Amino acid sequence: MVNKLTFDEQALSQRLMNYRREFHRYPESAWCEFFTTGRIAGLLENLGFELYFSDSIIARDAIMGRDETSIADAQQRALSWGADANILSKMNGVTGIGAELDTGREGPVYAFRFDIDAVEVMESQDDSHRPRFLGFASLLPGIAHACGHDAHASIGLGLAEVLAENKEKLSGKIKLLFQPAEEGCRAGKAIAESGWLDDVDYFFAAHIGMNVPSGTLVCDPQHFLCSSKFDLHFKGKPAHAGIEPNAGCNALAAACTAVTQMLAIPRHRDGMTRVNVGQLTAGDGRNVIPDKAILKGETRGENRDLNNYMYQHVERIAQASSMMHGVNVEVHAQGEAIGLHNDIELVELLASVGYGCGFNNVIREKDFGASEDAGYLVDRVQAKGGKAIYCMVGSDLTAGHHNGDFDIDESRMLPGVKLFTAVIERLQNRFRGS
Amino acid sequence: MVNKLTFDEQALSQRLMNYRREFHRYPESAWCEFFTTGRIAGLLENLGFELYFSDSIIARDAIMGRDETSIADAQQRALSWGADANILSKMNGVTGIGAELDTGREGPVYAFRFDIDAVEVMESQDDSHRPRFLGFASLLPGIAHACGHDAHASIGLGLAEVLAENKEKLSGKIKLLFQPAEEGCRAGKAIAESGWLDDVDYFFAAHIGMNVPSGTLVCDPQHFLCSSKFDLHFKGKPAHAGIEPNAGCNALAAACTAVTQMLAIPRHRDGMTRVNVGQLTAGDGRNVIPDKAILKGETRGENRDLNNYMYQHVERIAQASSMMHGVNVEVHAQGEAIGLHNDIELVELLASVGYGCGFNNVIREKDFGASEDAGYLVDRVQAKGGKAIYCMVGSDLTAGHHNGDFDIDESRMLPGVKLFTAVIERLQNRFRGS
Amino acid sequence: MVNKLTFDEQALSQRLMNYRREFHRYPESAWCEFFTTGRIAGLLENLGFELYFSDSIIARDAIMGRDETSIADAQQRALSWGADANILSKMNGVTGIGAELDTGREGPVYAFRFDIDAVEVMESQDDSHRPRFLGFASLLPGIAHACGHDAHASIGLGLAEVLAENKEKLSGKIKLLFQPAEEGCRAGKAIAESGWLDDVDYFFAAHIGMNVPSGTLVCDPQHFLCSSKFDLHFKGKPAHAGIEPNAGCNALAAACTAVTQMLAIPRHRDGMTRVNVGQLTAGDGRNVIPDKAILKGETRGENRDLNNYMYQHVERIAQASSMMHGVNVEVHAQGEAIGLHNDIELVELLASVGYGCGFNNVIREKDFGASEDAGYLVDRVQAKGGKAIYCMVGSDLTAGHHNGDFDIDESRMLPGVKLFTAVIERLQNRFRGS
Amino acid sequence: MVNKLTFDEQALSQRLMNYRREFHRYPESAWCEFFTTGRIAGLLENLGFELYFSDSIIARDAIMGRDETSIADAQQRALSWGADANILSKMNGVTGIGAELDTGREGPVYAFRFDIDAVEVMESQDDSHRPRFLGFASLLPGIAHACGHDAHASIGLGLAEVLAENKEKLSGKIKLLFQPAEEGCRAGKAIAESGWLDDVDYFFAAHIGMNVPSGTLVCDPQHFLCSSKFDLHFKGKPAHAGIEPNAGCNALAAACTAVTQMLAIPRHRDGMTRVNVGQLTAGDGRNVIPDKAILKGETRGENRDLNNYMYQHVERIAQASSMMHGVNVEVHAQGEAIGLHNDIELVELLASVGYGCGFNNVIREKDFGASEDAGYLVDRVQAKGGKAIYCMVGSDLTAGHHNGDFDIDESRMLPGVKLFTAVIERLQNRFRGS
């Protein structure tokens, strides 16, 4: 039997908190994680990991939902926050890192995935909001780590430290994926198609929170929603709203019609469906018939058929709304999630180690109820013959995900690290025992 | 009889064009006209006018529709464009200038008003668009002189030059008002209430274009619309759109409902009404139920009752839409226009001098069909015993007002200057003759 | 000079009231006026008029807005109310009568038109409503003479009596047209195209009330609206709303979308426009996705271009709404009004005789502000070389037209008869004098 | 052990078909089942059952969704179809029958429930529709047995025949409930509250079809939806749509707004919800702003909380829509379903006898996915200490329930009778054996 992986839990827990608060201060939205990527890369390099950037881990033509006009600003901001220009140049404009620890000994290939992007949410300005009270609130108005990916990145760094410290006790290869652009399911497909995970035997990923209380581990979440993200661009004709309102083609009115109608897509017999329009920007001057409107939305479904049902309605509504107001519309796909199914072998594994890792309640199934970009990664690993799992690590929350008041229970990061450490131990034993 | 006012028409026409193209390049939206104000002030100072700024010409508590968050940026930009920091400090944060030429001789007080703000319209990027072709297109994306106020300011400067040159032939006092924030009818009330025009005997204002062809003068435009400008701020509750859509209160949905319903306010028996929502900005992240929406709109009516009818519907729709979606709404007044009625004496005057000033077609009445902030100024002058008039100076246009392709016939500025010069001559004669 | 036409005014006024109250009790909607037609025909026959029915006065293929399923019931009801079966058979299913009095003496052909249909309005059940209080309220729930055509028909009968009594003093031919289906402008075109009015030299028509007070005559009403009447038939697919809501195609939702959007057709620069959906009937069972919806609407415009602008929007909205919900739609034209312009010669004539006929206020112009099926008749007469006029006979009202509380001032029918009598006298003099 | 109940299966199957086709020809909607009630009562009386009508089986003040204006017509029609006037008088205006067979021997009280009302659906006019082809199509346009209650009533009569024939082999009391007004869940509460079922030990009910194929028995259907049925009455103000559209308060526009918004009530995290507006009737004349609108709708939820969530939104939308258009609204509750949970003992019982009754596939669970008025009855029986069950008897269908093309596989009625016969046999054995 392999030697147990050892580390100072208390010291690590403190460093996890420090990492998390730093990431929380410097939130970056999808595809803009230049500071975050650089910071993580610097730390991993020091720990002896080999790093992969850009085309090595991302198939560029499968990228979705990237706003090219925001990239230069994001890079500039990262530099102003102290990012390492040398690492930035390695990224070649694309965020995210693959890190590999090759033990030099024969053994399986393990992969762990941590998503690192923040969301476009205004963080609470309330004094009782802990990040504000303690001084690590977001420095970027309108962007915040209101989903917990700051904790995910920190758990990844913590795991990297433990692995580096225990390298001599390990065999095989361990890959850590720090994924950009999970929000909106924009990067998973591109990472999968890069092939970087194709040799992986065991793939692990987790989400903190998700309405699971502190101390609970959910080994096999159910109902990962399929999802399509889309932008609608309406283009009409401006006119002076006082002098000749009849001469305009009102793109804002078309967009509002589309919003109202999308929310009214009929529920489906076969299960859960969702639709949301998260953002609408339309028009210029107050007294001008608006000639353009941009709407950002998403559909979801309990399975692919249900998501397709929703998306087809969206496409029809887009066409009908534009016809209604005599404007043009373009539908731009911006992201897609395809569901996720765990391998039972790994579900059993998590269930068997959970209580030893700081969880006091280990359960099998619970609804996930959202979309997760990891679906593409899990699907790819499984297609190439590996096993994969995605679990939920409980944490009490101060508010729901994507709410400006969101905050996590920071003490729940350590059990995450211990869980991933434990599965490596167990799988190494199994491998050597065979 | 007074000596005729004389000047080199050809040279002035060239300078009018130069002024206009400069203003066109540096467009500034309402309440942000720091560069424009500074530039005009510098020129008038050199011509010997006494200048009035800030509280002297604007009653601050009657200001409407001013976005305080944009002021500092606008000042910074003006400085970067070369504005005179000394003049900027005199403005004390408020744009616009009153300029007075006191002849020292007894006589009437004349006032001429020129509005100087640009509109929030994206100027055409088309190579055939003359300002772009000739290199004087807007330097500020999203802001353009698409209403002709660049020409108005230039006519004002041209008139100032002629007056300064002929000062010895004049008697009485002449006031030139370079008004900010005409778009949206945001400054008129504040200027009127400052009292700066209270001693005026004769007040003149004009608009170029307005579907009146080059060569035509309309002496007594009809149907100035009354108008109310408003912002609606909807505030709801965010929620993760996939996990618990039921937990949100959708501010975007409320705004879209309001837009659709506002456009459907019943037409009125008694005459023309209008309503427009020119801009809507709502939501943040794609997968978040939007918790805020800001809508910029306006109503108009052929008279005050009709505008009130529309505005009361808007207020009710705002309340009902917010109730519908369980969100809060605030209605912020942003501007108001009250109609405008010319004095017949001045209508006759314009009609009698028009043909001598470069117009080949002088007509009495034509629908104005829009709102005009000058209504407050005309109303104030008339209330204080003066006479006032607002006319339309024809100009062929390349596109309607507030359209990105808008451009004027620059040769039509000179007749504007000549018209105002002529009315001074005629009124001075009448005064001396009496 | 001709002898004056004479009659007992007081006795006639009493009979006018009796006629009107009888028609009021037995209201019949458009194309269903079998009892009314029969009653009038019987009276005119006794007075010696020659009667024309059916194809003689109506071109069947130009009929609009006739619900064939209601005809048999209407005939049955007319018989149950005591209609003469013999006259009914002459109608051959089509209501309305042309009546001619041929004096046998040379002279002009005069025509007078009276519309006879009621509207689909529920009459007030209030005890203070005079028709109810005095016992002549509508016997047919949902149908009422709430527009005053009961008075029009009575004036026509009164005129017929006076003419019959004074036949020996008259020359030329006099035609009385008792028109069906004026509401919705459904019969005018068919009557015009029948050619029955093609030999008319002078054509007269009038409306009682119309916001003109008792005692006032308006000789030349302005702004007769052009109008299109239409039905939209939406056809979707039913489904059990609980079991599989996704399987339906919701015709009711499509119709509601269409209604909301129609009310929001942009106002037009060039003048007054209107749109209304007066009726919507959709769906069957509460728990079934509605698979059909029928919507009755109309557009109006100050002129033909404006009405066309509105109607084209309606057609586009119908298509877009059906596309939006995956249903089919058919647009059925149901009526059309084309405007109306009086001949100045007859305007002068009315103005000159009005004060002698019981009017104390004779004015030229006032907005009509509604559509009038007589437009087709006036247009036809004028096209064939005749002169035509349509005027407004004042009457104080208890409520607006088409309101359940509507009632007229019955004493204002007599001036109507006297006015038409007077114009015949005057024109006969002119004819003989020439 | 008891003697087996015996009967001629082939002859009974033929009679079941005859009964079903007769009921199919004479469909009656909820609370209007006078002919159907009378026909069933006559047959049961002949078989020796004691009959209960009116207040004996229905608590009048708990009746929902009854249109009092349609009752007299329905009674008249029933008489015209040959109903027995004597039985009609016993009903005292309320449809439905309770029938009891008292064996005079000690034993349990059994109850079987059969619903008898038709739905408001237009039956297919297609020649290939079997009821039409074979001549038993609905005689009442717009009403049809498109849900299978004609088969339910027939199964009830078939069971009555078998019981009467085998009376001497039975002990205890057997109650047959022929329930009116199941559609819309309008009678269940009133029957439960009458107390007629309070002494029942075993309660059985079944639905034919429901997407279960011929030959399959579902013993324990899941997910009976909770539901609320409601009518919204909007009351506005009429006005002439051409003359003064501003003077109206548009009830139709309010109703359309409500429809669109109801369809857009957000989906709920916790499970299935539904909303439908099945019918909308609004307005009168085409050129009148509609002053009234009546909308018939329903909400559903997978449990009471979810249904309440939907219904509270409906109430808010009703208020907001009426506020939006300045009209009044009244919300009238019309029916309610409360879910349904089977007793496991009876589930086991059905599972054990199913294969012997003509079913070739006996399964435990399947989604029901609709509401069922039997919930109130099951709830009452259970509350009083009895056991209750509701099952699904498979039948291939030609179209979904409530579709005009709906038809059943008539051969599947016999297994229904055999199933109920078998459970009595089995329970009697158990009783005697104890």
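Lettered A, B, C and D in written order, each chain numbered from 1.
Convention: a residue touches a chain if its C-beta (ideal position, glycine included) is under 8 Å from a C-beta of that chain, and two chains touch if they have at least 3 such contacts.
Please read these numbers as outputs of a predicted model, since none were measured by experiment.
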I want to confirm something about subunit B and subunit C. Since they are copies of the same sequence, is their interface symmetric in residue numbering (over half shared, so same) or not (under half, so different)?
same
Going by the touch criterion at the top, tell me which pair is linked by more C-beta contacts: A-C or A-B.
A-B
Separation of mean Cα positions, subunit C and subunit A [Å, integer]:
68
Mind checking the centre-to-centre distance between subunit A and subunit B? Centres are C-alpha means, answer in whole Å.
49
Considering subunit A alone, which of its residues make contact with at least two other chains?
243-245, 247, 250, 253, 257, 260-261, 263-264, 266-267, 269, 274, 289, 369
Subunit C partner, complex, touching residues on subunit B are 260-261, 263-264, 266-267, 269, 272-274, 369
Of all residues in subunit B, those that touch subunit D in their complex:
243-248, 250, 253, 257, 261, 264, 266-270, 289, 309, 316-317, 319-321, 323-324, 326
Subunit B partner contacts - residues on subunit A that touch it in the complex
119-122, 142, 183-184, 210-211, 225, 227, 229, 238-245, 247, 250, 252-253, 255-257, 259-260, 263, 274, 276-290, 293, 296-298, 300, 334, 369-371, 400-404
